[in-house]
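Below you will find the structure I want to go over with you.
Chain IDs A, B and C follow the sequence of writing; residue 1 opens each chain.
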Amino acid sequence: MAEDETERTRPRLPLPLPSNVIALQSTDRREKLRIVEALLFAAAEPLDETALASHFVPGEDVKVLLEELQALYAGRGVNLVRVAGKWAFRTAEDLSFLLEKQAVEQRRLSRAALETLAIIAYHQPVTRAEIEEIRGVSTSKGTIDVLLETGWIKMRGRRRAPGRPVTYGTTEAFLTHFGFDSIQDLPGVNELKGAGLLDSNLPPGFSMPSPDDAPDLREDEDPLEDNPQQEEPLGDKDDEAGGGEPT
Amino acid sequence: MAEDETERTRPRLPLPLPSNVIALQSTDRREKLRIVEALLFAAAEPLDETALASHFVPGEDVKVLLEELQALYAGRGVNLVRVAGKWAFRTAEDLSFLLEKQAVEQRRLSRAALETLAIIAYHQPVTRAEIEEIRGVSTSKGTIDVLLETGWIKMRGRRRAPGRPVTYGTTEAFLTHFGFDSIQDLPGVNELKGAGLLDSNLPPGFSMPSPDDAPDLREDEDPLEDNPQQEEPLGDKDDEAGGGEPT
Amino acid sequence: MSDHETSADNDPAGRGDASAWEQNVRLDLDDRERLVVDVEGFEGPLDLLLALARTQKVDLAKISVLALAQQYLDFISEARRLRLEIAADYLVMAAWLAFLKSKLLLPAEPSEAGEPTGAELAALLAFRLKRLHAMREASAQLMNRKRLGRDVFARGLPEPIRIVRKSTYDANVYDLLKAYSQQRARTAVRSMRMRQRTVWSLKEAREELERLLGMTVDWAPLDRILAEFLVEPELRRTALASSFTATLEMTREGKLEIRQTKSFAPLFVRWRERAA
């Protein structure tokens, strides 16, 4: 597995240089490489070839030196990379996790997010417009983003309807977090009344759906595109909100 | 000539490792070296072995990895060095001529300040009166302030003696700046000690103290007050200067 | 060696380089005027003594304290002759050296207990000079080190540790269900209001009565006529209330006749035009 990673992250060069290359270099060439190495290391910003060349006699092929140095550092913990036409040492991409420190913040879901989550749970698959219709207020993009971040909801597909809005549903993580064995364990009207959460004199005809999180797409759902990011539905709020207006 | 210099600056290891060592390493070992390399390269400050070890499973011999990496970089434009008991990459000493442009303008220290710095380094923990006794002249408050500003010295505590004078010592920044692994590496420290010249009091021939920058207070030191500013000892110059007069 | 020269430049006093420094002093001694002027440059009597000791051109370990004391005293008297101001501590040192000199020259008297002998005092002075000299050398060596940010360099572009903020969200079932219940109840109230449209308006009641009464010819109890609307309790009240009002209105218009045998007895209505 480690093998795979090293191979995968090895920079552009097709083949690693044989390890005895340095030994074969002339002392002079080695000195030049040392100089380029030290200059790039100490520089406070990426250096271009002109800046590096100023430390050598005119005509020195700095580019070749750079490429040799790059090859030397290929597959190492630090790589020599070109950024914006200049050269700099950078931590190897696959090791970037070393430079990250996780700061976990415990946050509470906003009221709007809780409501939206509950509606998605009971009414899934449900579009944003439908959520807004049920809630009676518009739902900000941020609210759904936060819910997606929790991992408790997911985009399921697209409703086969004008605008092809994304449908949302709950995930397995939702069940796990809230301790439900299945989505059918969400309490119904009578249980909510019994728990004192719903007023007992609700208007007649008040109904709650029986939730269903089966992953199969419904008849009126299409699959999400291969690349949902490109046609990110959350951005075009206006289009979707149109569908959610009271009719 | 360049060859000679490289040899001279090659770190402690008795023999350069054969150039095919990397090729023989297991992928696992190579990954470990990459990690140590990346961490040290990225760090703004020297890292100690504990900090590095925190990225490995317990029991990993980080010191061996460091020594291997040090050998790998010996003779290169960038070397792995030990400073202040920690590890850091530094440009090779012989390449300083290249990097003059990078050199940050450093405040010029007066002769009095330089002498005072040396006395603090070699005689620490040392009081201002003792510094004056060695120099045979009173030391202005400004001199010590300038040194405190460099970050190379600090107030350590108070001597358990009449007047409870502040004791001074060097900092980790001192070791880092002057490239010492520990305060015992001060040039000529053993000779000076042998000649009895590190004794701030007289006469020679008694047991000689060594410079000691260990933060733990000595037997004859008390901690500084919580707010040393309030009882700033540098103000009451007259009291202390008395100790510096020729006897 | 080149490093050495560089550092001498950096060291403003130039004391790091022993030979150059000595040269300076010798120059000073050759020209008394300049030496005296240069007294300003000395950092105290010990510094001056060390400078004078250098002129003996011997190892500090073998220095003649007696000769040094004499040199110092000569220097001070020369300065006085030139009416130069001399700081007090230089004079204190001169007095002490004069005392030392006499102690060294005179045969050792049986001294009081604990009082140091001339030789001991001389050794003390020699020690202090050596120690100061050693510290000067040390400071020069220190400044000649390969120093960070001057000779050797750390990574110019350190890569900082990124703090990856990861939020974990907390919500419990109770909060979730409460939020759902409350918002559903809230919107349910709204939809009940919409249902009020099915409440009979006066106009609707009239139309319904006209239709229903059209099918009867004789007196009929109002609640029987409306029977089909009175099953649903929700509708019963509004149907009765609106129909009653409509009945009164239509009676006033002369279209209907109403009859009631006693209070709270069933209300009978009939179509007036038919009766006529």
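Definition applied: a contact is a pair of C-beta atoms (placed from the backbone, for glycine too) under 8 Å apart; a residue touches a chain by one contact, two chains touch by 3 or more.
Quick caveat, the model's predicted, so the values are computed rather than measured.
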| item | value |
| --- | --- |
| Pairwise touch network: line, ring, star, complete, or other | complete |
| Centre-most chain [mean C-alpha coordinates] | C |
| From subunit B, the most remote chain by mean C-alpha position | A |
| Inter-centroid spacing, subunit B versus subunit A (mean Cα positions, whole Å) | 45 |
| Averaged-CA centre spacing for the pair subunit C and subunit B, given as whole angstrom | 28 |
| Between subunit C and subunit A, distance of the C-alpha-averaged centres to the nearest whole Å | 30 |
| Multi-chain contact residues (two or more partners), subunit C | 153-156, 159-160 |
| Residue numbers of subunit B (touch at least two other chains) | 41-42, 89, 91-92, 99, 102 |
| Complex interface listing, subunit C residues touching subunit A | 153-157, 159-173, 175-192, 195, 234 |
| Complex contacts: residues of subunit C adjacent to subunit B | 10-13, 15, 43-47, 49, 89, 92-93, 96, 120, 123-124, 127-128, 130-132, 134-143, 145-156, 158-160 |
| List of subunit A residues in touch with subunit B within their complex | 2-3, 5-6, 19-20, 22-23, 27-28, 30-31, 33-39, 41-44, 55, 75-78, 89, 91-92, 95, 98-99 |
| Of subunit B, residues touching subunit C in the complex | 41-44, 83, 88-93, 96, 99, 102-104, 106, 108, 110-112, 114-115, 117-119, 121-122, 134-138, 176-179, 186-188, 192, 195-197, 202-204, 245-246 |
